[in-house]
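You will see chain A twice below: alongside chain B first, and alongside chain C after that.
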Partner chain A sequence: MRTDIFLIVSLLIGACVYGLAATLGNDYYFFAGYVVLQYVVLATAWNILGGYCGYVNFGSAAFFALGAYSTVALYRFHPMPIPVDVVLGGVASGIVGLGTGYLTLRMRGAFFAIATLALAVVLETLVVNWDYVGGSRGAYIVRPETIAPFGSYIKYLFAIMLLLAIGSITVARLIERSRLGYGFATIRDDELAAEASGVPTLRLKLVATTISGALMGMAGAPFPYYIGYLQPSSAFGLDYAVNSIAMPLIGGTTSWVGPLIGAVLLGSLQQIATVTISSAVNLLIVGFLLVGFVIVAPNGIIGLVQKYVQHRPLRQVGRRHIKADAPEATP
Partner chain B sequence: MTALLEVRNLGKRFGGFVALEDIALSVQPGERVGLIGPNGSGKSTLVNCICGTLRNEAGSVHFDGRPLDGSTAHQRTRRGVARTFQLPRPFASLTLAENLRIPLLYTVATRGGMPHTASHIDARCLTLLREVGLDGKAHRLPGDLTQVEMRKLELVRAMAAEPKLLIADESMAGLTHSEVEEILILLKRLNEQGVTVILIEHIMRAVMSFSQRLVVLVSGRKIADGEPNAVVREPEVERAYLGQ
Partner chain C sequence: MIFSFDLLVDAIVSGILIGAFYAAVTAGITLSFGILDVVNIAHPGFIILGSYIVYIISLNLGIDPIIAAILVTPAFYVLGAAIYQVYYVSFEKRGQESMRGLAFFFGILFITEVSLVLYFGVDYRYVEARYIGPTWHFGFVDIPLRILVPCLVSLLLIAALQLVLTRTFIGRAIMAVAQDELALRLMAVDPIRIKRIAFGISIATAALAGAFLIIIQPVEPSVGREYIGRVFAICVLGGMGSLPGTLVAAMLVGIVESLTSTFYGPSWAPAVSFGFLLLTLAVRPAGLLGR
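And then the complex of A and B:
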């Protein structure tokens, strides 16, 4: 499917999702849906670096919080429309992503993961000690009750997150089918061989950290308006780091579909658990599911489906096949 | 005629261990050079220094009249130096055809040259795979290949970058007699197309039949360089291989 058609179809599906939530006639569905969509963005963003390039980022919360706190900083300076916050949050996180990448990408495996974890700790310490954005006391954001033409403000936030989710999925899908996507795959498979084939691995990894960081920051930017009161421990919560890893792993990391499935499934399950059991159960669910999936479906739901339905190699989901009957190259 | 590859006074250390010392090597365009030496003599280190995987502390490498020093491995590949790895390193999650796409997209396409539409690239991948008899497995993953097929994939991926110089690092290790023959035919055909080849190999029969010139490394030093039959009779080479 061409990208423009894909985008139109996604927007139509998005409109249906919004319509469905609106017909249920209870704002709670928007509140819950917002969180699920936020995880769609986070999981998709994580997967660009973690799934495509094979670099496991434990610092998702840092990028998310950076987006949230750039909104708070802007709000203290002068309240802006949320789309502006989203763009600026994305820029801030993208720049930090680029810088972090430059400093850490010479490390691999567990070392890289620990470095990203350290980034979250460093940023949290900075924010705790930064009075302008509230420090450890936190910051209040007063959001209007209503906004035209959406009615209640949560519908507006939901719509923004919906668009962000569609945008990030489109970006991920675009990457996957492009030259960049092939380059990312070679980084995941073998960096030495990639260099020997002409792939500028460092530059590509920086592109990945920047895009991934920017998308996470964008997901975080509307968060202060959603929650109303932002404190460091909620913005840098463990949930974000754990969920944005668990969701792509459960869905499958080789394609944009995986994080989407994982986020919708796990995110919804957590929302249901929050209202039926308790919000403390959330991470427990993630833990059980992760253990289960590692045993039953190490390649996620996509891997499982492919194994039983198609008998096709993993990489080829959503990708164009090279036709066996392609014409001979002209000399 | 200026040399295609000119290595001057090249030196490389790993801590206190001198891996290469004062290596000089000149390779003319179109030449077939054999590089031999006992295990640990520095053959692969030399390849890594030429290809940019390792940085040499001393000396310089010139390629096609310009210095390579300071450029990264991928830049050298784009300049026209291709290599295979001693242990094949395929992109395991990509199909064979996709494996060949990488050098086409990232090396050949960046040189400008021919237009690279999607269908053109697909066709080129299949043509290349056909040359090594792997076209039947174009959509399989490298994990499904046999040892000799894996070596062929490694070679054809290097060939896909359309190099001026191909360095084949032990492409025949562990292969049977007839399989070695297959790889040799491939390399010779490539050489006939104008590609300069440096062959690193332990199988003497293959090296002797392939090389126009033989270079011998022992303990990080070059001890012989010349006509293959003359080189293997040199006392120093005999001593290195057979002991005293």
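And then the complex of A and C:
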């Protein structure tokens, strides 16, 4: 499918999702849906670096919080329309992603992972000590009750996050099918061989960290308006880090479909579990699912489906293969 | 801010004391990450688990936290050996340790923390012992016993580990497995068994480090997160697989953190270790005493 058609189709699907949530007639669905969509963006962003390049980022919460706090900083200066916040949050997180990558990506992958883990702690320290954005006391964002075409403000936020989700999936899909994506795949499969064959691995990795970080920051930018009161411990919550890793790994990391499936399944499951059981238990569920999936089903749900498809009766599969591999008939 | 000599000396002394404790916390990482190349980011989680187990034992049986920790080490050793076995079968054998192995340990860290939160809540817990409370005064230098005792036992622990690694057959085999697994196999030693033992020892040190932690400060489940950046910074700074290097690096980080919190305020201290980590990675990835 061509990218423009893909974009149109996903926009149509997005419109259907919005329409469905609107017909349910309860703002709760927008609140819950916003969180799920936010995870779609985070998981997709994580997967651009983690799934395509094979570099693990434990600092999703840091990039997310950076986006959120850039909004707060802007809000203190002068309240801006959210799309402006989104762009600036993305730029800020992208720059930090580039910086972290530049310092650590020249070494083995583990160092990058550790550095991102520590990055969250340090950014949190900085924010706690920065009084302008509220410090450890947190910051209030007064969101208007209503906004012109949408009615209640949460519908507006939901629509923005929906567009961000569609945008990030489109970006991921574009990367997957481009020269860039093939470059990323060579890094994931054998970085040394890629380097030896002339793939500019460091530059590609920096591109990946920047895009991934920027998308995470964009996901965080509208968050202060959603939550109303932002404090460091909620913006840097470990659940963002664990979810944005667990969702792609559970869904499957090799294509854009995986993070989407993982985020929608796990995100909805958590929304249900938060309401019915408790928010601590649902985090425990995520932890066990993550560990269970990486041990038992390393290729996630997509991998399981592919395995199932391959185990169908051999004749069918064989025939398809012959058809696919048959040389083009000469005219 | 008035710069005073007293304050400086006091900060350096307490930095050295706390540094020895950091060395004990990092020793497990030096074994697992430095020597075995297993990126066990869940180590701080095991330390907090150790703190809580020591807390339960010393609360119910009324014994000294350090003795309680020594009693627990065999259980932690078995836990570590079991975790390595799972890790080996699921990731190392399949060659997937770089991404899924990391995610596995991250999941374990997360599960440990959330389980502790669910069971104990987020209240701070502390233990009681005779040496918690009194402080020795030497002129203008104050040495609280609650830090001195863990510091001394930490030094003992590091010394003992270093002796095991350099003087015993198993220890030498552990050093060897890091360098050449195949050669070890040719000497009729099973590298997987050696790694299992080493990882078991690494987790066993977490029980002791956990006891030190809860002696030094009250503990709640998310305290471990502060230590992630710190332990890896120390491990890398100390040259990955070297215990003496770890000790030197730990004291250095301890002193700088202590100076930072004395002269700039304690809320800045966590940023120090990250600064160290980035600086080391950027300038000298082999560490201070790196080979």
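By our rule, the second predicted complex is superposed on the first by the 306 of 331 C-alpha atoms of A that agree within 3 Å, B and C clash if a C-alpha of one lies under 4 Å from a C-alpha of the other, contacts with A are read in each partner's own complex, and residues count from 1 in each chain.
Note that a contact is a pair of C-beta atoms (placed from the backbone, for glycine too) under 8 Å apart; a residue touches a chain by one contact, two chains touch by 3 or more.
Just so it is clear, the model here is predicted, and its values are computed rather than measured.
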Exercise for review: Mind working out whether A:Ala43 is in touch with chain B, chain C, both or neither, as first, second, both or neither?
Suggested key: neither
Review point. After superposition on the shared chain, which partner residues are touched by A:Glu195: those of chain B (first), chain C (second), both, or neither?
Key: first
Review point. With the two structures laid over each other on chain A, which partner does A:Ala110 touch: chain B (first), chain C (second), both, or neither?
Key: second
Exercise for review: Please indicate which partner A:Gly183 is in contact with in the superposed arrangement: first for chain B, second for chain C, both, or neither.
Suggested key: first
Exercise for review: Please indicate which partner A:Val128 is in contact with in the superposed arrangement: first for chain B, second for chain C, both, or neither.
Suggested key: second
Practice item. Return the chain, chain B or chain C, that is in touch with more residues of chain A. Key: C
Practice item. Go through the superposed model and pick first if A:Leu249 touches only chain B, second if only chain C, both, or neither. Key: second
Point to revise | Doubly contacted chain A residues - partners chain C and chain B | key: none
Exercise for review: Over in the complex, which chain C residues touch chain A? Could you list them?
Suggested key: 33, 39, 41, 86, 90-91, 94, 96, 98-104, 106-108, 110-111, 113-115, 117-118, 222, 225-226, 228-229, 232-233, 236, 267-268, 270-271, 273-275, 277-278, 281-282, 285
Exercise for review: Show which residues of chain B lie in contact with chain A when the two form their complex.
Suggested key: 51-53, 72-74, 77-78, 82-83, 85, 89-95, 97-98, 101-103, 105-107, 110, 118-120, 122-127, 138-141, 157-158, 161
Practice item. Going by the contact rule at the top, pick out the chain A residues touching chain B in the complex. Key: 179, 182-183, 185-186, 188-190, 192-202, 254, 313-316, 320-324, 326-329
Check your understanding: If you look only at chain A, which of its residues touch chain C in the complex?
Key -> 50, 54, 56, 58, 103-104, 107, 109-111, 113-115, 117-119, 121-122, 124-126, 128-129, 136, 238, 241-242, 245-246, 249, 253, 280-281, 283-284, 286-288, 290-291, 294-295, 298
